Amino acid sequence: MFQKILIANRGEIAVRVIRTCRDMGIRTVALYDDSDLGSLHVRLADECVRLASGALYRDVATIVQIARDCGADAVHPGYGFLSEHAEFAHACEDAGITFIGPDSATLAAVRNKIGTLENVSAAGFAVPRHSARPYGESETAALMDAAETLGYPLVIKSYSGGRSHGTRLVREPEHLAPLAQHAHSAALTAFGDDRLYIEEAFLPGRYVEVQVLGDRHGALVHLGERDGSIQHNHRKIIEESPAPGLSDAQRDELCGQAVAIARLLGCHSVCTVEFVLDDQGRFVFTEVKARIQVEHPVTEMRTGIDLVREQIRLAAGEPLGRTQDDIILKGCAIQARINAEDPWNHYLPSPGRLRRFRFPGGPNVRVDTYAYGGCDIPVRYDPLLAKIVAWDVDRVACLGRLRRAIADFAISGVQTNLPLIQRILDDPDFAAGTYDSEFTRRQLLNTLASSGNLRDLAVAAALAYARRSADGNGALPERASSGWHRESRRLPQ
Amino acid sequence: MFQKILIANRGEIAVRVIRTCRDMGIRTVALYDDSDLGSLHVRLADECVRLASGALYRDVATIVQIARDCGADAVHPGYGFLSEHAEFAHACEDAGITFIGPDSATLAAVRNKIGTLENVSAAGFAVPRHSARPYGESETAALMDAAETLGYPLVIKSYSGGRSHGTRLVREPEHLAPLAQHAHSAALTAFGDDRLYIEEAFLPGRYVEVQVLGDRHGALVHLGERDGSIQHNHRKIIEESPAPGLSDAQRDELCGQAVAIARLLGCHSVCTVEFVLDDQGRFVFTEVKARIQVEHPVTEMRTGIDLVREQIRLAAGEPLGRTQDDIILKGCAIQARINAEDPWNHYLPSPGRLRRFRFPGGPNVRVDTYAYGGCDIPVRYDPLLAKIVAWDVDRVACLGRLRRAIADFAISGVQTNLPLIQRILDDPDFAAGTYDSEFTRRQLLNTLASSGNLRDLAVAAALAYARRSADGNGALPERASSGWHRESRRLPQ
Amino acid sequence: MNRLSVTIDGHVFTVEIPPLNRATNEVSMIVDGQEVHVLMPEVGGPEPLDWIIVNGRPYELVIDRDLHWMRARSGLHQVEVRDLDATVARPASGDGRVKAPIPGLITRVLVAAGDHVEAGQPLLVLEAMKMENEVRAPRTGTITHLSAAAGQSVTLGALLAEIE
Amino acid sequence: MNRLSVTIDGHVFTVEIPPLNRATNEVSMIVDGQEVHVLMPEVGGPEPLDWIIVNGRPYELVIDRDLHWMRARSGLHQVEVRDLDATVARPASGDGRVKAPIPGLITRVLVAAGDHVEAGQPLLVLEAMKMENEVRAPRTGTITHLSAAAGQSVTLGALLAEIE
């Protein structure tokens, strides 16, 4: 087993990985830049190294050099950043350091997203119709032509990098040009590659994915599916397992396809095979994510398997040591992503210093985060502040538990999307499990407060007003001081 | 199902119960006195009522009246306080309010501890030799005579109330009188009844107990055993399931005896049957705890069953709805009790204001607490601040995880026994699972720090010294200001 | 007693409240004619109003400093407080200054000084937390001042433009 | 440079440290002749020294205010710091005053003024957190002053007795 692992990431996933390393008795090395020195991953690691170059967590050469210098025998890339970066994996391999994930050749193959779609299609699985090649920012006309051929609605996706930054749904032709411009720019910011490709969109559809686990000796199992259809701007907000409403036959078909595709693509380690479920009940393969996912705790709660530990074990060459029959999928797990952002003000990010940060608790509630009371939420990185996951014997009980956990999560100092998540969880369609990818377009009502509660809140507001007046000169602070536009803070009905 | 439950308790167990009530959509009413108004149970409840009488959480008449006034249809007593108080259960029954636990007749029967021992013995189970009756503080001579007859070592136990306050182990005759005096006084403080009885002690022995679950219709199952042999002053510090080192045959025998005894005593709801395992491998029944236990999360982690939810369901008259075959005991769970006390200074309690209070996290780590950063730890109540529970597929992995979780739990502002727990978990006998009830008499070494770490800590100490000097007049604060005796703060080797 | 009109999610309440100071932690007030008893425990130092107990019902709260919203267990609520005894209305402070709503990097400026803009029209793009955020015009008018430039890092509240 | 002798769990280190002030958060020092680089990030306001990074190794710490122990991930460590440059040794402050180590209720007083007591002998019993705690004599001597009485509530640090 490894003696020391460098975690080439930050935020909650770096914390997550450090914890399992420590559970296993493996030493850890964290990276930081000046803006996230105060994050928990630095405090919890055995060693830490400052990143000073402009590319920071994306700087392949520097990070490989740090791994050499500190004597790490393996690197865990987390998600995002260099996690699916074939050249990084290759550089680690060259340096004699184990990259915890698939080998660089597999990464290079699945990074070619169009080639992957064609491979999978050739093997007889459904894939979305798609452009035959990617397009750079300067190729707008060619992109327009390809879109014309493909038809609408369609999805723009970044050619490099798996996370949502370059993804845009285009419902109407007139939106293509501006959305493509944004997507080019976002993909360049996130992945250093502005190229995009386009793909048939399925509306309404459901985003379902299957967790697979494979060793370097050919053994491969699945750990059930997850549903990630509740998204905003192509970022998942809620994920759950099992995907509600699937029949046993559908679930068997889905997981069987996933294992076959993973085998076809040579996936090992911890990978996810993603599908869209269209309104005809057909599973359409879209992508493989060859790394740990943000939503992996959902699967951990259902199976009792520590996916990061498996990933480390498998990277060390250990055999999977379990067959499909050993995997028991129990109960229901739902995860919500808590972002430091303001859903009522154009999802504006909300960096700043956390004041109160009190976790919900009780049985089968888990919180993953890099933050703690008093720490600074940096402006440079993505707004994912924490994940809350609840498990229970069935979906009704699990939803009750997650609702309570969300209501109990006390955060002040920065704005979060907790109130939005409350509204999603209280929506009748979400509760019934009959939602699809169009869910977040609807108006979400606040149904939690009774009129008696509203009266009590009026008392609180009056007191807050009176205390401010008692403190100062009787005037409210100038609105401009908070930096928000009052106009944009109107709450949706 | 109940609409509103009054929680007749405080601290972490009140929080625990409120959480499950909320998960189930049941409204909750919390109680508080002036010193624990800031505790989490008050913040999380739907309603709260101040206790003003001297008896506070033990005031039967006041609490029943509060339950009536707020329209509660059930009362959850937690552990300690009125949880095994037959008169309280009876008063609730009279008021038409469900007492969440066994009925008052069962409670009255098991509260008669000597009668219970005789019942169980008559049914053919091993029980410790014991005094035939309890003794009040004025009956010292009679107690001495009984002890002479019984022989040494022996255990003094309080006749009323189950928690450890009145319990004393007496190894030698000359210690009996002073220990009995302490025990009378502690029992009076804790339970309002100074009577004690004495019982044969088994040294070395192991304290093992079996969780049982029964409905009001005769169904009864066990949820496996727990080992609670690691104690200080008869308070458990570490609890785990399964009990290490038992053979399958022993485990079957233990759990079978527990179910038979629970049935014999008419236990329903959530109860625990306690045994001593003597050095001959014999299980000797000692007591039944007819309420939720501090260590119940250990069983919850292994079974996935929410014991508080079961308790509420069963109290509402619902059937158990599971047979012994439905109960799957998976992996290993270990709990540590974090107390606000100083193990290096005669276990002196450490009340005060919490500053930092950051939970450990990651998969399968759970923290139960009533505290949060900035809250006050009251001086009036017991020092249990938090419980940490870890689960994993086997004991080695679970211990690795718990060690890490304990090291990650950041608490400042009050003193805790976290460093003591670290030493216990690192002890080779604990790691091997070969400990017994004599474990805490040994010297525990600090084995965690390398000499490189000590050098770094010397740097930290130098800096702390220099910063103090830079701040003030160059002198250290006067030692007396902290209230500790330097002499008693010597660390054990 | 000070009389306030408090609107929560569109529901209007009239609150009569006695004079307060920081040390007050128990107070009786009148809401729509009914007496209400409030406890405001001080926990962990001089924080903003963080939780209160109203007639025995505890509420943990996050209240924004402009008093336009509050978060409770029941979610986010829209708030408006008006002093019924104030003889002079507070001046509407909705001026045309556009300030940086978050610290970040200006990646694009979409308007120039002298341009006419409509309320809600994007003025510039600010990158923060790996997302591009459009800063929009708070009102319709003419850009009289523009101090933002692409490539510039700005701090929270920095003046970016003015519209008149 | 100030020279300190620091003992951690019986291991002695000599530390040379430059002058500091509150604003210092990066410093080089010499430990047993070797240079060590230290970072002291300030997090969440002016807290006591809460974590430091020594040559790239981070430590979260709780350090008692008398500097007699510290808690790190590795557990509790005994600490002693001595200023090697100080010309006058700090007076041993081990006087015979017995103060309340915790707030609580005095349930029993076991000695009387004028009694001779041995170091470590129980003087009185203080009830707190549902436990009875014995307060013991810090030194051998005679009780010259006794202000504690059974039934009395005492605050942290209250003078209970003096031994000479």
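Going by the order they are written in, the chains are A, B, C and D; count residues from 1 in each one.
Everything below uses one rule, namely that a residue touches a chain if its C-beta (ideal position, glycine included) is under 8 Å from a C-beta of that chain, and two chains touch if they have at least 3 such contacts.
In this text, all values refer to a predicted model and were calculated from it rather than measured experimentally.
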Need the graph distance between chain C and chain D over the touch network, please. 2
Candidate from B-D, A-D or A-C with the same interface as B-C, over half of contact pairs in common: A-D
Of A-D and A-C, whichever chain pair has more C-beta contact pairs: A-C
Using the average of all C-alpha atoms in each chain as its centre, how far is it in Å between chain A and chain D? 47
I'd like to verify one number: the distance from the centre of chain A to the centre of chain B, where each centre is the average of its C-alpha atoms, in whole angstrom. 39
Roughly how far is chain B from chain D, centre to centre by C-alpha average, rounded to an integer in Å? 30
Flagged in chain C as touching 2+ other chains are 47, 57, 60
Where chain A touches two or more other chains, by residue: 356, 373, 407-408, 410
Parts of chain C lying in touch with chain A, wherever the complex brings them together: 2, 4, 6-9, 11, 13, 15, 17, 19-22, 27, 29, 31-32, 36, 38, 40, 47-50, 52, 54-55, 57, 59-79, 81, 83, 90, 93-95, 97, 99-104, 107, 119-120, 127-134, 136, 138-139, 156-157
What residues on chain A touch chain B, complex-wise? 15-16, 19-20, 22-25, 44, 297, 300-301, 304, 306, 330-331, 356, 358-364, 366-369, 372-373, 391-393, 397, 400-401, 404, 407-408, 410
Which stretch or stretches of chain B touch chain C in the complex? 30, 37-38, 42-49, 353, 373-376
Chain B residues touching chain D - in the complex, by the definition given at the top: 165, 182, 185-186, 189-190, 340-341, 344-351, 355-356, 379-383, 407-408, 410-412, 418-419, 422-423, 446, 448-449, 451, 453-468, 470-471, 475-491
What residues of chain D sit close enough to touch chain A in their complex? 41, 43-45, 47, 51, 53, 56-58, 60
